[in-house]
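Common to both upcoming complexes is chain A, partnered first by chain B, then by chain C.
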Partner chain A sequence: MSNIAGKAYAMNVVTPIRWYFVWLNKLIFWLAIKIPGVLTGLITLSLIHYARWVIVSRNDFPHLSPEQPREELKYSYMFFFSNFNGSWDQYVDSFTFSIPGGLDLFWKWNIRYPNSVPLMPFHNYIRYNQVDTNHYYNATPLAASNDVKAAAAIMDSLQSFDKAVANLSPEEFQKQYFAVLRKHQNDLGDMQPTPIVSLAAHEVEMRRKRELAQHAHEHDHEGELHG
Partner chain B sequence: MTAVLDLFDIQGEVTRAYARFGFFYSRYLLLQIKDGARGRDFICAMAAQVTTAATWDGGPQSAPRPDSTLNISFTYAGLKALGIPRASLAGFPADFVMGMRARREILGDDGPSHPDHWDPVWKQPVHVLVSINALSTEAREQRYQAVLGMLANSEDGVVLLEGHRGPGGALLPYQDGHVVFENGQPTSKEHFGYTDGIGEPIFEGLPDMAERVWGRGKQVYDSDGNVNWLPLETGEFLLGHYDEAHEYPPAPMPNLLSRNGTYTVYRKLHENVGSFNKYLEEQGAKYPGGKELLAAKFVGRWRDNGAPLTDAPDAAAKQAWDQKYAAASPQEQDRMLAGVVFDDDQSGAKCPFSAHIRRINPRAALEFGTKNAFDTPGALANRRRILRRGLPYGESKPGQFSDDGEHGIVIMMLGASIERQFEFVQQQWINYGNDFRAGNDKEILLGNHGGPHGACPSRAVLPVDPNSQDAPFFLCNIPRLVTTRGGDYFFTPSMTALRMIAEGTVDPT
Partner chain C sequence: MADKSGNAFALTCFCPIKSGHEGEIAFADLIRYKLIDWGLDEDSPMAKVPNTYLCRYYVLDDVYSQSLPGTDFYDRWYAFWSIFSDDVRRKALPYEDHLKSKYLVFSANLHGDLDHWLRGMWRHAQGPLRDIWQYCYGFEMVNDEGSFVQYMRKCHRSADLFFDGSNDLPLQQQLRSLYLKQEFGKFVLESQGLPPAQLQQAWQAFAKRVDLHNPDGPAWRPGQTTLD
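And then the complex of A and B:
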């Protein structure tokens, strides 16, 4: 398993919800999207790539073929998916420190949801209901979501800058160049590997790298033998 | 909730930065327990001498002011050696159990900060930290001799560890510290010339809470939207008390063992004064605002008097600030120094995102100008606060261009969770920058720049006013200005717990 790839962590949490509250929960989700400002806190937490809540009603689980046995589900289920930068603790804690009210609203009707404050019962609730990630791929392992957003913004600016400055005098060019620098002065952070998320994760990563290197080495020898 | 603390049960180092009370000299001893029973007898003798948090003001919770203080803390191995039951030991968190050396990769203690380069004293198992603070060198020596006497009485049940590097590279049985003197006058400066220790967290129940909470507690807004400050919850700094998450911090059993105790992170940090002076000269010659403003940008405060850049962002504003400061009452002066907010500096044009004070305590800055984004403005900062104790050590000369010699800071950082507070700040805010939307940019002064194995050189951006015509300034190839020379994680028990440890009566049943 690996919940971690590069600077990103993938979290999946599946929690049961009483079927007769599903409509209320869906109404709350709908309102959260419609009413401006409700999600401001969530959006300001820039370590989050995205957070998605989905409710599957107990009768809506896929039934793919007649051979698949029918399930009698007691509860409907809420699926929470998120990718974020940093550690599990950092993420869960950021949520409860910053937007405990919003979290409680989203999870309120879920079975045995303890509220996001105090912290330890909430930690236990998430741990208990988390489904680990079997495989996780990250296209930009050196980048946090902030870095991706900054890079995209700089790319846009540089392309228009390139067009705009083709025929400028050196003085005017410098003025325009400084303007671009000022606009992006807080988008220019360095991009390096992630700090160690945890010592356990670090050890797993080291072992995996050693195994890959070993595998590559053996592969090379195979090539020599057959070549 | 207004907490009333039992000051006689709390060790004095938790509530007091002793230097602020005239204790300008310190000595730190590391001990090893060779025999549990004789070790407990030694702790029993020490406990009678330990300085509590009792006030010195003659009030109902007061004691006479001593001319030296004594405080004591234990590593996990130390508690084990003293015979704490396994069931209690199992309640301590993994960070404390592992200790600083094993956590070095989280802390970024690599290259010259790697434990291989620490003072030799850390190469052996360390069990006990004794810290002495004194009004004079004589009082310090007297207290030291008293501890040596108790050690002698233990008949090698407890031994004093040697190997702290001292002046001239001598290996000493203790680490000394003292405030930096300028022209014979004590200052609150460290060896780079900055005024230190202004932004101390203030929590519920501290005796001088009301007069010092401004700028030091947690930032809130009153009903008119003006900045105000409230004390942090006690449980952020003392186990057994309500914390900012509205619960009691996880702690070992029995409650009497943990309540009113805390964790102390001891770190000896060498300051590369030569590299600092050289880098400041080089960059200062290029920086449009000049050398002193650049030095201020590293930290977020001017070196001479600690004036915050948020209120004195350039030379002209600094002059006005100084005039106002000179005319202010002592209480107003304190507020001018401590009352830093980043609300009017969203671009970092005044105080850069990689400056020391913005990194170690961002206040409401992580809302990034979206007021009321979070349920409380300091949501992401309030649970990362750290009490800082300790003193500078060694001597350095102004304008010194060599890193050699023994000079730096012995810093002790106290809090209810080493991982959530110290380690988080060290890893995420000092050696990394994502929370500040600064990628991997490190804190300028303390970051572990120029890592080993040819890692990429460090840089930092000093932003400018977005409405100006200027270009931001890039600090490139930042050298490692501070290196770790040793340290470990300690538990600082209450007086009750200390006596229980000494008597061998800790029982989690």
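And then the complex of A and C:
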């Protein structure tokens, strides 16, 4: 199990939905894309790297071989995938407290969805329907989503700044430099390796180190015997 | 299709796993063990695949049957009518659904064109991919980049809503900007309180050291977990 990669947590939730309500849920998603402002709540939750909802109709699971039995499902299924920073509780709670309405809008037609408020039934629902990730890869494990966005803004600013100050006097340069600092004062947080938030991931790392050390030791020992 | 948000793409694939076993271990469990055994972070085979922001694999053994009380439309409807009949109350219970195959679920957030990315995935991680996907139906037809793209397209199911809370720059540009952000942070601390002329000199040295205008200048490595 590897739900954590650096500062990102991978959440997978699988929930059943009546097949005849799939169109309604898809319509809600379509409207969320088309109407500006519907996703404002999600944007405010700046701890999310990427998230997606995929509804697989009950007859639409891939069938790739005559040997493969065809699915005979009564419900269609909604798959939710999220990549976020922080712990499971922080994430689920932030949904409940920040965008309960939006969350209910997306899940309302799923079987036995308990609503995002109160908190504990919602926690239970997510925990019950969550699948653990077997392998999770993150290209920027040292950075939170906000770091990635801030870094892009800083790079643009620094390149423009460097061109703009090429022929300025030292005093004028300093003035411009302070202006850049003021602009990015909230973007300059130091990025460091994440503290251990998952004992499971920590144990995997420790086991791997032990195995590598043992392998190196055996290799040295063989070298001595042959030498 | 809601798979795209600017230049970011959300790929979701459901690959049916063959029913069978090797020794006493079911194919689905073999996939699970092999995935758990893949290297982490920089050592992951996916770190070699260009323009991969984040990706995950999991084995879906079965779907979930709901048993806890909920508040969906039908629950309220049946809750009212069950006052008059126990049959109605029993009908309110959700069905128990089961999958006939287990599925390898693969999800990736990537930059750029999907086919191009899939070709890169095959080119850079072919060995580990074969090791995993050999247990899936239909994968025996895969023998090159083209057939891999076709296979993944068959397993692909489009997202209904894709939310990009990060940005859609090429990965190399993200890694380069993160490096610059970190280095600039250090520069700010080190140059605090310098007189204007020295500050200007220090800046010029900094811009040269980090090769500020070169898109191929120093950058973090994909999956890098230490600041060495």
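Rule of thumb we're sticking to: the second predicted complex is superposed on the first by the 195 of 227 C-alpha atoms of A that agree within 3 Å, B and C clash if a C-alpha of one lies under 4 Å from a C-alpha of the other, contacts with A are read in each partner's own complex, and residues count from 1 in each chain.
Definition applied: a contact is a pair of C-beta atoms (placed from the backbone, for glycine too) under 8 Å apart; a residue touches a chain by one contact, two chains touch by 3 or more.
Nothing here was measured: the structure is a model prediction, and the numbers come from that model.
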**Complete:** So, after the overlay on chain A, do chain B and chain C clash or fit? They fit
**Asked** Is A:L105 in contact with chain B, with chain C, with both, or with neither (first, second, both, neither)?
**Response** neither
**Request:** Between chain B and chain C, pick out the one touching the greater number of residues of chain A.
**Result:** C
**Request:** Applying the touch criterion given at the start, work out whether A:D190 contacts chain B, chain C, both or neither, answering first, second, both or neither.
**Result:** both
**Message:** So in the superposed three-chain picture, is A:A150 touching just chain B, just chain C, both, or none of them (first/second/both/neither)?
**Reply:** both
**Message:** For A:S94, using the defined touch cut-off, is the partner it touches chain B, chain C, both, or neither? Pick first, second, both or neither.
**Reply:** first
**Asked** Counting only touches as set out at the top, which of chain B and chain C does A:R52 meet: first, second, both, neither?
**Response** second
**Request:** Kindly classify A:G86 by the partners it touches after superposition: chain B alone (first), chain C alone (second), both, or neither?
**Result:** first
**Asked** Where does A:L181 make contact in the superposed view: on chain B (first), on chain C (second), on both, or on neither?
**Response** both
**Request:** For A:M120, decide between first (touching chain B), second (touching chain C), both and neither.
**Result:** first
**Message:** With both complexes overlaid on chain A, does A:T40 touch chain B (first), chain C (second), both or neither?
**Reply:** first
**Fill in**
Distance floor for C-alpha atoms, chain B against chain C, superposed on A, in Å, equals 7
**Fill in**
chain A residues contacting chain B in one complex and chain C in the other 43, 46-47, 147, 150, 177, 181, 187-192
**Touching residues on chain A, where the partner in the complex is chain B** = 7, 40-41, 43-44, 46-47, 85-86, 89-90, 93-94, 96-101, 117-120, 144, 146-147, 150, 175, 177-178, 181-183, 185-192, 195-196, 199, 202
**Request:** Name, in rising order, each residue of chain A that touches chain C in their complex.
**Result:** 1-2, 5-6, 8, 10, 12, 14-16, 18, 25-26, 29-30, 32-33, 39, 42-43, 45-56, 60-65, 67-75, 77, 79, 81, 83, 106, 108-115, 121, 124-125, 128-129, 131-143, 145, 147-152, 154-155, 158-159, 162, 165, 169-171, 173-174, 177, 181, 187-193, 201, 204-205, 208
**Prompt:** What residues of chain B sit close enough to touch chain A in their complex?
**Reply:** 102-103, 105-106, 108, 244-247, 250, 347-348, 353, 367-368, 370, 372-375, 379-380, 382-383, 419-420, 424, 427-428, 431-435, 437-441, 455-456, 458-459, 461, 463-464, 466, 468-472
**Request:** Give every residue of chain C touching chain A within the complex, in rising order.
**Result:** 2, 8, 10, 12, 14-16, 18-19, 31-32, 35-36, 38-41, 44, 46-47, 52-60, 63-75, 94-95, 97, 99-101, 103, 105, 107, 109, 136-138, 151, 154-155, 157-167, 169, 171, 173-178, 180-182, 184-185, 188, 195-197, 199-200, 203, 207, 212-213, 220, 222-227
